[in-house]
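Below you'll find the structure I mean.
When the chains are written out, they are named A, B, C and D in that same order, and each has its own residue count from 1.
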Amino acid sequence: MERQSAQAAWERRTERPLLALAVGFALAYAVPIVDSTASRSLTELCTGVEWVVWGAFAVDYVIRLGLAPRRAEFVRRHWPDLCAVVLPVLQPLRLLRMVSTLLLVGRRARMAPQIRLTTYVVGSVVGLLMFGSLAVLSVERGSPHGNIRTLGDAVWWSFTTMTTVGYGDHAPTTGLGRMIAVGLMLSGIALLGVVTANIAAWFLSQFEKDDVEERRQTEAIAVLTEEVRLLRAEVARLTERRPDHHH
Amino acid sequence: MERQSAQAAWERRTERPLLALAVGFALAYAVPIVDSTASRSLTELCTGVEWVVWGAFAVDYVIRLGLAPRRAEFVRRHWPDLCAVVLPVLQPLRLLRMVSTLLLVGRRARMAPQIRLTTYVVGSVVGLLMFGSLAVLSVERGSPHGNIRTLGDAVWWSFTTMTTVGYGDHAPTTGLGRMIAVGLMLSGIALLGVVTANIAAWFLSQFEKDDVEERRQTEAIAVLTEEVRLLRAEVARLTERRPDHHH
Amino acid sequence: MERQSAQAAWERRTERPLLALAVGFALAYAVPIVDSTASRSLTELCTGVEWVVWGAFAVDYVIRLGLAPRRAEFVRRHWPDLCAVVLPVLQPLRLLRMVSTLLLVGRRARMAPQIRLTTYVVGSVVGLLMFGSLAVLSVERGSPHGNIRTLGDAVWWSFTTMTTVGYGDHAPTTGLGRMIAVGLMLSGIALLGVVTANIAAWFLSQFEKDDVEERRQTEAIAVLTEEVRLLRAEVARLTERRPDHHH
Amino acid sequence: MERQSAQAAWERRTERPLLALAVGFALAYAVPIVDSTASRSLTELCTGVEWVVWGAFAVDYVIRLGLAPRRAEFVRRHWPDLCAVVLPVLQPLRLLRMVSTLLLVGRRARMAPQIRLTTYVVGSVVGLLMFGSLAVLSVERGSPHGNIRTLGDAVWWSFTTMTTVGYGDHAPTTGLGRMIAVGLMLSGIALLGVVTANIAAWFLSQFEKDDVEERRQTEAIAVLTEEVRLLRAEVARLTERRPDHHH
């Protein structure tokens, strides 16, 4: 129990700093893609920042593993985190590093008790829109037949994809770009699901309010309670009368 | 409490006139876009009407703020209204004025107690379709590569966008047009959500009706009540018998 | 009450024949469109059949109005039927006649007690797919820039529209065609809503089953009942003991 | 009863081997399509494997029919299985054989008690994506105007179809290809439905938790129980006092 709370305390304490690092990562990832004429040194700086942020989350994972009461179970329950920590070392691709960091940020955020599902999904949708646009832009700009060449097009394409509108005026042509697109589509479906579910839940919470059966029950219980009260009065009267039949 | 009701009374009383003004705004906004050969004077008249309607809603906001029991809280709770009141002054763009007025109308309508969520969403969907078509038409007609040049195309495009069908036979090419499109897509998803939620709620209200557990409970309570009645009878008999053991 | 049941009886009795007529209408509508080289006489025969079927539903409406206990209320509640009965007379367009008949069939079918919402929506979706394809084909085949020229294309387009996929390889170009398309899109959204709602309802009916609070209540009631039984036993013992303290 | 359990036992025992065969079928179906330069012998081997797997499921159906307590009812309830068993014999098309086998696998899987709806739909979605891509590729590669010529395009197209995004950069042009597409669209809508329903169910299970009415009931029952306890105490006191009024 003691150690469990130690882990919880660590997670609570590191929440904010890690979030700040995540924002830093976003900037470091965006800069070299948006400004394609960025100087070599600037690009290297951004790459450095990316590695640092990823490293911070890797360390966080290791520490949480150390604080976890049952290590084996922790690793089993958080296996995607483990992949996200190990993969960038094996294969230091920029895109892979981004996905790993996003995954770590996302799974870490979900643990925060105050974040409700809606906030979480909306948040990740916004994040995916941003990173999806940037990633597709960096991938498609290079391809010969690519039709996503400006940041504007990339963002516009992300929206048409995530809302499943899909005009087709812009569409990825490379394998990597299409993988990113699939990610956006699936998260778009999740977004749609959450929106619908929210509204449905709101509707039904209205419905619940006037549940006929339940109200009938409440009345039945009230009647019964009255019944028992009368009975007690009766028995009380009975007890009163006892003394005065002695003489 | 007294002032609160004063605010409520004002809101009730001004509901209808403000709605009429909203319709007026719609017309004033539509005319110069639909009839692109409108005379200078007519265009100026429409612009005037737009300013008047926006002004009316701005005044309404100020008065409601004046009648509000807790001003600070009112401003906090209605910050979008404040933006919608201030922005057109800072940046007198036609599109911005339209968005601000729509926002004021929408948020005002939502306060009307008799308007249920469905009515509200369907209403805003229709409004968004109309204004979205007009706005996109006025924006895209100007652009060199634009493919939305007639009102018919604009309306058709709005429908394909809001239902997330997105044929892509028509699609906005300018930044502004695409922002409007994103608004339509998101409200389309909301529409889809409300339709689904409505049907789901209807289904479940059927389900609720035959809740096994609850019926079992009702029976249990009935049995118990019977039990207590028998008990009372017993105690009553007991009380009867008291007198005849005196002599 | 008696007349009400008369109306109900009529609706029950005429259900099947009217359904058969609806099928006949479908055939009569399809033939001249599918086989565009149909002989003049055949086309006229089909038009005749269409008028007969529409007429049958019109008569059905009038008779139900006659049997209705409260006529004014009947007209108010069934105003779309009234439009569908009157319009084809004012404006004898083929498309309008088709829409009117579909509307009459649909609203009549919904009254059948045994038809559940799902069956109803699925049924109308299939109907709309079929009639939508035929209507769009007959409209678009004529237009110069139309790209829906064969029945195959029309059916394929209907599916891509109703499922909101919207590839855009085929899309209506005429105003009429686009109106039909909007109808298909909206019914597609309804279809999606019903599918989702059905699954959600199924899920929740599972959830409902294990409602913790309710089970706790049932136990509480059981405990209470036991409590009362013990009490009765006690009072019973008390009553027993009364006799043997007389002598 | 005894025979029923015999059938159940058979279904339990054959579950795994049949699943393995299904995987084998997938491979045998994929190879000749992916590697279009496959040697004649290899292609024939694959065709053989397909026939064997289909045959195994056909035999499984016959045995289950034999073990079924009520044969007529079994045939009625499993009529699609019957079609899937008979059709490939009448019409030995590759595509038809694939559909039949998929249908048999799917309906068999649904009977497994431990498979929940979500798992089932997700599983079939993945299966449909894979087989849909392969089938469309094999069909469209042949057509003159086809634009789905590589496996990559086919998979990409399947995703854009199933998520109802439908860019239209790739779309089937042949009748067969379009039938497959419709299957993918419909299963995509089902996927969307399950995702939404899952989230909605999750939300509502939260809502349920704090049901005001129910908590009020629980309290009412508690109060009542207390009431009865007091009553018992009273009666107990009454019983105590009996002895000491004899002398």
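Note that a contact is a pair of C-beta atoms (placed from the backbone, for glycine too) under 8 Å apart; a residue touches a chain by one contact, two chains touch by 3 or more.
Chain by chain, the UniProt names read as follows: A, B, C, D = Potassium channel family protein.
Values in this document were obtained by computation on a predicted structure and should not be read as measured data.
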Applying the touch definition from the top, give me the chains sitting in contact with each of chain C and chain D. A, B
Which of these, A-C, B-C or B-D, gives back the C-D interface, meaning over half of its contact pairs coincide by residue number? B-C
Residue numbers at the chain A-chain D interface: does the shared fraction exceed half, giving same, or fall under half, giving different? different
CA centre of chain A versus CA centre of chain D: separation in Å? 27
When centres are defined as mean Cα positions, the distance from chain B to chain D in whole Å is 39
Chain B: positions in contact with at least two other chains: 164-168, 192, 196, 198, 200, 204, 211, 214, 217, 221, 224, 228, 231, 235, 238
Help me check something: in the complex, which residues belonging to chain A touch chain C? 164, 166-168, 196, 200
Residues of chain B touching chain C in their complex? 152, 156, 159-160, 163-169, 191-192, 195-196, 198-200, 202-204, 206-207, 211-214, 216-217, 220-221, 223-224, 227-228, 230-231, 234-235, 237-238, 241, 245
Name, in rising order, each residue of chain A that touches chain D in their complex. 117, 161, 164-168, 171, 175, 178, 181-182, 185-186, 188-190, 192-194, 196-198, 200-201, 204-205, 208-209, 211, 214-215, 217-218, 221-222, 224-225, 228-229, 231-232, 235-236, 238-239, 242, 246
